[in-house]
Every structure is written in C-alpha cells, then in structure tokens.
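So, here's a batch of structures to check.
One chain, chain A, links the two complexes that follow: it is found with chain B in the first and with chain C in the second.
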Partner chain A sequence: MIPPPDSPEGAMLKFVRKRAVASLISLVGLIVMVFFLSRLTGDPAALFLPVEASAEMKQQFRELHGLNDPLLVQFGRYVGDVITGDFGESLRKARPALDVVLEAFVWTLWLALITMTLVTGAAIVVGSLAAFRAGGFFDRLSSVISLVGASVPDFWIAIVAIVVFSVNLAWLPTSGTGSLLHWILPICVLFIRPFGIIVQVVRGSMIGALSSAYVKTARAKGVKSGPIIFVHALRNAMLPVITVIGDQAASLLNGAVIVETIFGFPGVGKLMIDSILQRDFNVVLAAILVTALAIFLMNLLIDLAYALLDPRIRH
Partner chain B sequence: MAEHLLEVRNLSVEFHTAVGVVKAVRNISYHLDRGETLAILGESGSGKSVSSSAIMNLIDMPPGRISSGEILLDGVDLLKMPAQQRREVNGRRIAMIFQDPLSHLNPVYTVGWQIREALTTHGTASVQARAEALHLLTRVGIPNPEQSLDKYPHEFSGGQRQRVMIAMALALRPDLLIADEPTTALDVTVQAEVLALLEELQQETGMAVLIITHDLGVVAEIADRVVVMEKGVLVETGTVREVYRHPQHPYTRKLIAAAPGKGEMHAPAARAEPVLSVRDVRKRYGSFEALKGVSFDLMAGETMAVVGESGSGKSTLARILLRLDEPDAGSALWKGRDLFTMSPAELYKLRRDLQMVFQDPTQSLNPRMTVYQLISEAWVIHPDILPRAKWRERVAELLVQVGLGPEHMGRYPHQFSGGQRQRIAIARALALEPQLIICDEAVSALDVSVQAQVIALLDKLRREMGIAFIFIAHDLPVVRDFADHVMVMQKGNIVELGTVREVFDAPRENYTRALLTAGLNPDPDIQAAHRAARLQSAS
Partner chain C sequence: MTLQTTDTTITEELPFARRMFRMLLADKFALCAAIFLIVILILAIIGPSWLGDLATKQNLRGRNAAPFDWQRGWVWWMGADALGRPLLARIVVATQNTLMVAAGAVALSAVIGTVLGLIAGFSSARVNQVIMRLADVIMSFPSLLIAVIVLYILGSSILNLMLVLAITRIPVYLRTTRAEVLEIRERMFVQAARVMGASGKRILFRHILPVVLPTLTTLATLDFAYVMLAESALSFLGIGIQPPEITWGLMISQGRQYLTNAWWLSFWPGLAIILTTMSLNLLSNWLRIALDPVQRWRLEMKGRTNG
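The block that comes next holds the complex of A and B.
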C-alpha cells in the first residue's frame, strides 16, 4: 500500500523518488558520454585490432560490428544492448564482458564494504573523542596520526607493508587470494587514507555540534557525557561526515587500482588496468558502466541516510 | 533545613581569554526561596547570565574559572559536589529554559523523545516516561499532544517550542527553574501567554523561578524581587515596586529612564504630496500569501512605523520596496515613478535615495573592512556624489553626526559595541544622502539605553535632513516615541493605519488593542492593572 503523500512515510517516498530520478538522468548522461568518447578516441577497428592488421581485416571487423552504420544507429543499438545487459564478448577471455566484470566487481565490493565499515566505525569513535576534549593529549595524538594517514601515498605503504609483514616477518601472504589472511594487507592499506580524512571531518563537525545550544540543554537536563557525545551531538554532526564517507567509498568502488595491482587482488580496478593494456574495450566499457551504476546506487543510499538522520531534509 | 532554597554567596567568575582575564561577575550574592520569583536584570555584558550558568554547571572550564564563592542549594554547596552527584541535580532539582528554543532543542529528535529523555536520564521507566510526556505536553497547552509527541522541533511555532522547553524542564518537578530571557525571541502576545503559563505552573508546583532578562516589562509582569547588574557587579536589589519607584543606584535610574514608551508622541503635520505611494502590493510564496494588497502613502521627512507579529508580512514589504524581492502585483510610486517597473539601470541610480538599516549590525558590516572603508564604499559605487579628496573629511563628519568620532575611522567593526556598530551602519546609509531609510528591526537587538540613543539619533536626522523613515518593529513602545504614523499589520493585511496618537490612544481594531495590552509596561502597578484587565477579558 502506498502511504499518503503528506504522511512522514509518503514524504520519504517522494524524496527517494526525486533523488532516484536525478540519479537516473546522470546515468543516461554517462551512457551517452561513454559511447561517444569511445568513438572520439579513434576508429574502433584500429584500436581493437593489432597494429599490423591488414585493411581487409579492418573492413571485415567494421562490418561484423556494424561500425559502417550511421553513428546514431550505432548509438541506438548500443543503448539497446546496454539496457538488456549485453556488453559483447570479452575479446581476450571469450566470455560475455559483463560476466567478467561482475565477477571482479564482487571482489571489489567486498573489499570496499569491509574497509569502509571498519573506517567509519573507527573514525567516528576517534574523531568524537578527540572533539570532546579538543586540544587535549588524545586530540593532538589523533590529529598527527590522521594527518599522516591522509597524506601518505598508499602505494608506498603497500610496498612497505609487503616488505615488513610478508617478506621480513613472513606473517602474511604477499599477494593473491585464497585465504582470509590474503585480505588483511589490502584492507589495512586501504584503511589508512579514508580513516585519516574522515577522522578530521568527524572531529571538526563534532566540535561544532558539542558547542551547540541543544548540547547545553542536554547538560542542563543532567544527561551523561556518553549520550551527549554519541546521541545528541553525533547524529547532528554526521551530515557532513556522510558526504565524505560517500566520496571515499566511491573511490574504493572505482577499484583501488594501485593497491589491487600491487596485491594481485582480482578486483575491478586490476581488471580495468589489465583490459586497457590488452585493449579489451568491451570489458572496459562494461566495467565503467557497472562501477558507475554502483556509485549512483551508493549516492542514493547516502541521500537516504541524510533523510533518515535529519528530519528537516525529509519535509 | 537551610534558610533559603538557593543562596549565591560572594560568587566571582572569570574567563581567561587571549587578551587577558575577563572578570565576568565579581563578588555577587543573592538568595531565592521556594515559590518566589527573582529577576536578574541587566544589559548585554552585565554578566547577568553568568551566575545562572554557574548554578547549572554550564561554564566551560577552561576558559572559565570560578575564583570565589559558594552556591548553596538547600544549604549544600553545588561547587563542592562530586561530578556524578552534581550531574543528578540538573534536571531533577534545578531545570533551565533558554532564549532561543529552536536552537536549544535538538533538531533531529522528536520532542516526545527529548521530554522522555529528561525523565529516563533520572531513572523513570520508559513506559511511564511516555505517559508522563503526553501529560506534560497537554499541560503546557500544545494542540494535539498525542501526535505532537512524534513531531520535530521545526514543526512547531516559536511560542509552542518554548512551551515544549517548559514541559521538558518541569518534567521532574524541579525546586528551581532558571529562565534565561525566555520570551525575548517571541511576539508580544505570545510572550504574555508564555509568562502566564510559567506563573500558573509556579503556583501549581511551588517552585522558585530565577528569570534573567533585559526587559523591565518582564520584571514588572512576573517577578517578586529584582537584582540589577552592571558590568559584573550587583548594583541594587529589592522588591520590584521598591526598585522601580525608588531606585537607589544611578545605573538603575538610567535603565528605568531609558525604557521606551513614556515620551511625548509626535503630532505629524498636515499631509501634502507623498514621496512614496504604495498601492495594492501582493506577494505569495508558494501557497503562503505574505502580502494581501498593501497600500499606503509616505510624506517627505515622515516616519511610518510598521508593526506586527512574525508572519505579518512587514519584512517582506521592506524587501519588496527595495526590490530585494519581486512583488506579484501592485505599484510603488517614488516621486511619481514606479519602483517595480524600473529597469536595472534606473534602479541602480535610485538606490542612493533608498537605504536600509538591518537588525543585526554584526552581520551587516563586513568584519574585514575598516569603518572608513565601510562608509566610503558607497562613493566607490556612486562616484558622482563626492570627489575622492573629500572622502576622509566627509567620513569624519558623518561619524560625528551619528555620535562617534573621526578617531574611529581606522577601526574594525568588532572593536565597537552593538550600539556603536548600528551607528556605523546608519552613517553608511547616510553617506549616499538618501531620502528614505528603511529600518528593519534596527534597534531590536540593542540594549534599552542604547536603543533610546539610536532612536534619538534617527529622530534628529529626520528633523535636520528631512529624511523619511519606514520603521519596522515588533516593539510598540519604541514606535510610540518616534513614529508619526503607525501601520499595524496582521497576516499580510494592514488592519489599522493612523497617526501615532490615534493608534495608541484610540485603537479602532481589536488586534491593535490586543497588541497594546500584551505589551509589557515597566511600571509594576500599570502592569498589574493590565494583567487584571487581561484576566478579566479571558474569563
């Protein structure tokens, strides 16, 4: 049953619908852009086929893939294919490109999900406590750690971590997958930068919230410090934090290209780099659209989280 | 049993800031008994809120420090209590309400949740808290209390929010309620209702009330005794009537003398050709009709006061006349030319004739510009008014005219007090030699003594330079001393328009009468008579 539009649930539904439509428009824009950009980069036949391919081979390739048709006809066909989920065959793996991408994407999704959950939890606790005693020892310590974390390049950490934990100490595998131990290094390395950034944002936002009038009211009511920080202030302070969490999560969903490559992690970032190097363009296009779709869905979730946290946005 | 419910003894509080130690209150002592209402009266910077923050343990330390004194609640010193025990006093034995209920209520939780929290924090079971919250909302007069429990603070009006705050504060029937400027942000009629509610609840529960205010009218309405503070020092204390009738300290005398609404009313001259002629102005925001056809005339050198409560459309009218917002219909002839149909180029030239002074000078003056830059900026924009060589001289003149000095030219806004900043804003408006100045609540944020000075200044400018004023205010006594004509607005309509004597001495409309009687008079005897009349008309 659909709730009436003036009820809280109805307002929520309307809000979600509005955001979804906005996201859908951007998605359509992206599909148009991906198609025309791939044509702008040159003749697909020249790109797909080896450099030494003959003119007949190119001609044959063009006819096979309908590249001689007018651009708009090609575009229509492309859109139709995309909607039915047909991205063509992977040229190197002789399987549907979408299957190849989805397989890799599941790995990336898990990696991003686990990392961001850990990052969010840790950053909120550390940032909140730092804000509660701003200027104190814990605050200064966490400022140094988060600043270093946000600034150090992850490829360097990845290599150092392999040298220390895999080579010297031999506690963890250097690369690949197969056991839970394989996940530890990639997650730890990916953890550092978003953690540093989000701690800073949580701290700043919480300092504002903790000095607000409603916190004064809570203190006048006799509320304990714990609920004041984590119930009264935190929920108000989360709005800017969520935006940054979204940004950071998006960059992980895009495939943490460098970290995945260094650790030989079979995610979408590594797949994309490999496919670009092998000129497997169907896979590249499919990967772009799948990650884009994932990021759009995530942004919708972020908008929903906004509305859940702040009733003023719902109305 | 101790002698008094609350006793503050020799309390001194200081704040350690970058520029040195500020002694916020020095050696103040007062006491309060059950069932009694004590008002702490003072202007901004008097330290009137500091002692109550100390009572509530709301002073951040550092930078704050309580350097001496005791705060005894039933004979027990709150300042020496262990933290845990101290926390349990808040909400249970002493509760507090604040000036701005919107920012003091948590925006992301329902009011029901926030009231229940006050109860459960001190050990009430949650089922019981639910029932109690409903009972409290009903008691403070929130309509549809059952549904209102699940609403958020932004869904209520200002007066209702303060009622919610009161419900929350009184949840555990505290012995002492501290009210810090509880009605300052509210419309006069709502203010009267909220104060009446507080009094009723006090009689019901026998609690003591400590009310902090800058408003002599509030003191006259609600307090038994009053403590007057100036610059951190307690200068006078006594019963309200005693202090009003026989003030001992010069500062108290000055405060009482500055209270608006006692001067001679203007008798405007016969009206000739209007400079501004407004006809049938309408404005709608979505489904909300802000202005429903407003028409009036304004003569040169005349002051038209526009009074009304929030939502009456008075600020919308100001914005539309300055074309900061576009009207839906109507006309406004300025010396025969319609402001609403002018091209941007014409409007640009005309801007120098029409100036505006806003409510909050802290926000309307750029903090990174010196006073000289702020005032002379007008001539950068309109270069034909004055050659650059004369700017310095003219800025000095303008500063003298508004009661400041040429030596203030190189300073920044933050180095001035609120009243001085408003003078700078007025000097800036005068720089363009305007013929009409629209003041939107231009003195509302100022202390009474400063308010009187700024109004005297505006009146002087009107007389000497023939400037016309549209003076928007919610405060009727202020208008009484300054306006020639008064326009009373309600819900986008003009309900009454006449000379100041007509409107104040013989109001024709019920709404005007309601506004006039709801306004608080600083004289406790007059206020008592008002209250009797109000109670009679209510029953």
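The block that comes next holds the complex of A and C.
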C-alpha cells in the first residue's frame, strides 16, 4: 500500500523518512556518548555504587556486570539491554529503573503538555495583535515578557513566587501535588521563557504575512480586521512558529528540571536530579534515554505537521 | 552609493571606536547597560582581593542580619547570610567566578563553533554532513540535562563547568556561521578573490569571516546572558560550582532554606543576575543595530542634536 514515490504522498513519506533517519542517528549518538562517557572516564563501579561501597563490593559488582570484559563486548551487551528496555534496578527504590522513570515521566508529560498548550495559544493571540499594532499595548507586553524570559533565572522567579503567593498571601500550596492548585505555580513559572521566544517569532512572521499582497487584497475587499489577522494571515505565518514550538517543547525540559525540583513535583526532572545526588545511576541512564526517545518522537510529529501544513514540502 | 567607496569619504569617516561611542550615547538603555557591565567587570577583577577576607569571615552574632541597617558599614547594607557574612561583600566576590565561567564558556563555544561553521559552509558535502549531524546530536537534547549528566560523570569544577556549557552552545554559532557562509560565498567579492587566486584559507579568514563577525558578536553577547543563567541554574541544583567557591547562583541556593524568615539571602544575588543578564540583552539589541550598516542610521540620526 506504499504510494509510488512520484505522488505527493510518496514525496511526503520520503521527507519524513529522511528526517526520521536523521533524528535516529542523533539518538544513537546519544546512546554511544552516554555509554563511553560512563565507561571511559573512570571506574563504572564508582559511578554505580554508593560512595561508601567497599573494595570487595566494587570487585563483586565488576564481575557481576562483566565490567572486566573487552569494551566492545560490554557495548554490545549494553545496547542489547537498552533495546529490550532492561535498565537494571533502581538502587533507591529496589524496583526496575524503567518503571520508576515511566511513572515520573507521565507527570512531566502532563506538565509540559498543559504549559505548551497555554503558551502556544497565548503567544499566537498576543503575537498577532502585537504585529497588527506596532508599539501598541500587546507589542509592549510581549517585549517585556520576552526580556524577562531572557534575563530572569526561572528558579529565582519560582522562589519569589513561593514567598509571595504561598508564604505571605497563603493562596497557593508551596510544593507537592494533590489538587489543581498545586499545578498553578509550576505552570506559571514554566510559561514565561517559551512564551517570550514564541511570541517574538509569531510577531515577526505575522508582520511579514500582514504586509503581503493577499492581505491587502482582503482588506481592500472590506474584510474586517479580526478575520484578516486570524484567518488570512495567521495560516501562512504558522510555519516558522511550528518549528520554534518544537524546539521550545524540547527545551521545556530544562525548565522542568528546575521547576520540579523547587515545587517538589514528582516528574522526570526531579527524579533525575535526585538520582544523581544519591548516585542511582541506572535510573539516570533510563531517564536520559526515555527523554531522548520522547524528544525523537516529538520531532517526528513536528516534521509530519510541517509536511501537512506546507504544500511546498509535500510536492 | 558610489561616493562612499572612494578614498576621500573613507578618510572623513570617524574612527570605529568614536563612531560606536556616539551611537551608544544615542541609546539611553544601552548606555546604562554598558556602564553597569563595566562596573561589574571591574568588580570581577578587583573583588576577591579587595573584599575576600570580609566575605568569608564568619560572625555568628550577626546571623541573617536584616538589610537596610544604615548604622553599620556599607558592606552590611544588604544584610548578612546564615553565618553572618555580609551579603554585599559576598556578591562582589562572587562576581569573578560567575563572569569567568560564562566568559570562558562563551569564548570557547564561539571560537570552536565559528571555525566548525566556516569549515562546514566551505568544504565538501560529506564534511558538512558530519559536522551538522554532530550539531544535531547536541541540539536534540535539552542542554541542561547534557550538562547535568556530564558534570555527574566528570565531577564538577570550574573548568568542567566551562567545558560543558561550551559544548552545549557550540551548535548555536556553528549553525549561524554556516548559514551565513553559504550565502556570502556566492557573492561577487568572494568570486573575485577566488579568480585572483586566493587560497581557501585566505578567502575564509580574510574575506568571509569579517562579514560574519558582527552577527557573531551580537550572538555572543546574547549568549553570555544565556550561559550565565545556565551556570546559575546548575549551581542552584547543587551540581555546578561547589562551596567554598561561590557564584550568584550558588548564593541563591544557599539562601533557599531561609526563605521564610530571611528573603534577602536569595533576593540580592538574584537581582545581581537579573541586572547583568538584562544589561547584556539590551546591549545585544543595540549591537545588532549598531553593527548593521543597513540599520545604523537609526542610531546615528538620534545622536546628532543639530540635524
């Protein structure tokens, strides 16, 4: 049922396949990097075991996990384990590392999904209005938020927000999960940076679209401002915006590490930091690869959306 | 247009430094940012030798002393930390580490990224592919997570921190440089140089690099702010700079447990970060216009009071 390569669908498939292979290479590169960094820069037993482990324990660990074998044999075994999803046990929780990671990953996924939905919606509306009236209220609002996002540390915003809203005003809980109120502060803190970046791209892209000939035609025909902005111009201005949304969704994880740690949110970012500080290396490895896989899948989706939206890529 | 290319107009044009200074005066925000950054830079150089002792001497009777106590010496005006060390002195001393890590990372990533970008844009398709795939590997993963992993494996020191931050920022310069090179190398003056028999190296470094440099300067200024934020985030998480060394990010982290009764412990170092990064952002905005021959007139017109 594969369409012939000269049909539009065939060309699109080819495009997506090419991009998928490129991201797959990145994924493999990451696995290789993690493996060799963890094996070549010293004794893996020292990385995996707690600091207070004795020499016999380390020796036993090395024999148990075949760390005395040639490096290539070790790499083959490592890749085999990774493909079958076997990351070993979590030292802290005495459960399979992958289970621990997937559990935490669901929390982060929800946090990222809600934040990115809000960011995208808000950035499109505010950015379009900013492009429509240069120097107006929305234009200034978006530049202020962009500057704040690019200059204020997110952990500092989180701390100040806790002092103001949780401690002094006592409106919102300081940390943890349990009710909808727990989600408000983390989402607000995560919101600022991607919004500041995406809104500028929307604005720039919309300024280009609004000055194009077909928008002038629409205006000459007497179409109202609302439909001109959100129907005529926006559709064509969306392509660069989608790319940026993809980039920002991936780097949202940067923010998630910080925000989850501060607000005690049980996501994969907090898990990774906790595991690192308590030397639970199996969990760190699993978390890295699960995250990388998620980003890989998301990039694939972005490419698909791109191909669907832009007929020039399809043909 | 033709007049500008003759020798007479070039000799009449102001020297580069004075022209930049005039354009700086025309933009009040950028001027304040530049002055602030110069002050910070001076503090970074003289800070540790000037206030080093004061910033490390503990005074348990003055634990978490409140700010705005004008009775005491000026180093106490921002209050004291949990061991009674004056916060203002500590912020001044921490300036050096904070700036050094960021400056080192930016310089490293800018040089490596630019050279790789020049090579990728100017050599065979295969070399280009390899370099770009490498950049993709780095870009496809959140930078903070890469830094966390590498610092965990290699251990955290100022040098490692610099290296890690540099690695995560290389693709930014690489991609920008490559994109510009691909466009510039088709231009007439590059073709002319090639016809005249200039070597590839000479074309790259004498003809193409000067055209890319303004963009890279703007980018590096902006990136300085980004790297500072990344370093402070890592130090805040406890995997960046380790005590007794201090940076602003680490100071925020140290003050975190006293948030409810001594907000100033985390507030002042945060403010120091914000003012610095904001200055860098404003300066980068100004640089983008000042270094762009097409947009430069906006600043030059504003600077002239009689015209």
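Convention: the second predicted complex is superposed on the first by the 284 of 315 C-alpha atoms of A that agree within 3 Å, B and C clash if a C-alpha of one lies under 4 Å from a C-alpha of the other, contacts with A are read in each partner's own complex, and residues count from 1 in each chain.
Keep in mind that, in the parts below, a contact is a pair of C-beta atoms (placed from the backbone, for glycine too) under 8 Å apart; a residue touches a chain by one contact, two chains touch by 3 or more.
In this text the structure is predicted, and so the values were computed from the model without any measurement.
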item	value
First (chain B), second (chain C), both or neither touched by A:Ala130	neither
Which superposed partner A:Val284 touches (first chain B, second chain C, both, neither)	second
Chain B versus chain C as contact partner of A:Val189, first or second or both or neither	neither
Partner chain(s) touched by A:Asp154 [first = chain B, second = chain C, both, neither]	second
First (chain B), second (chain C), both or neither touched by A:Ala97	neither
Partner touching more residues of chain A, whether chain B or chain C	C
A:Ile207 touches, of chain B and chain C: first, second, both or neither?	neither
Partner chain in contact with A:Ala112 - chain B first, chain C second, else both or neither	neither
First (chain B), second (chain C), both or neither touched by A:Ala220	first
Of all residues in chain A, those that touch chain B in their complex	212-214, 216-224, 227, 232, 235-236, 309-312, 315
Contact set on chain B toward chain A in their complex	56-58, 87-92, 95-96, 98, 100, 103-109, 117-118, 121-122, 152, 154-155, 165, 168-169
Residues of chain C touching chain A in the complex	133-134, 136-137, 140-145, 148-150, 152-154, 222, 225-226, 229, 232-233, 236-239, 249, 252, 256, 259-260, 263, 266-267, 270, 273-274, 277-278, 280-281
Footprint of chain C on chain A - complex, ascending	22-23, 25-27, 29-30, 33-34, 37-38, 41-42, 47, 147, 150-156, 159-160, 162-163, 167, 250-251, 253-254, 257-258, 261, 272-273, 276-277, 284, 288, 291-292, 295-296, 299
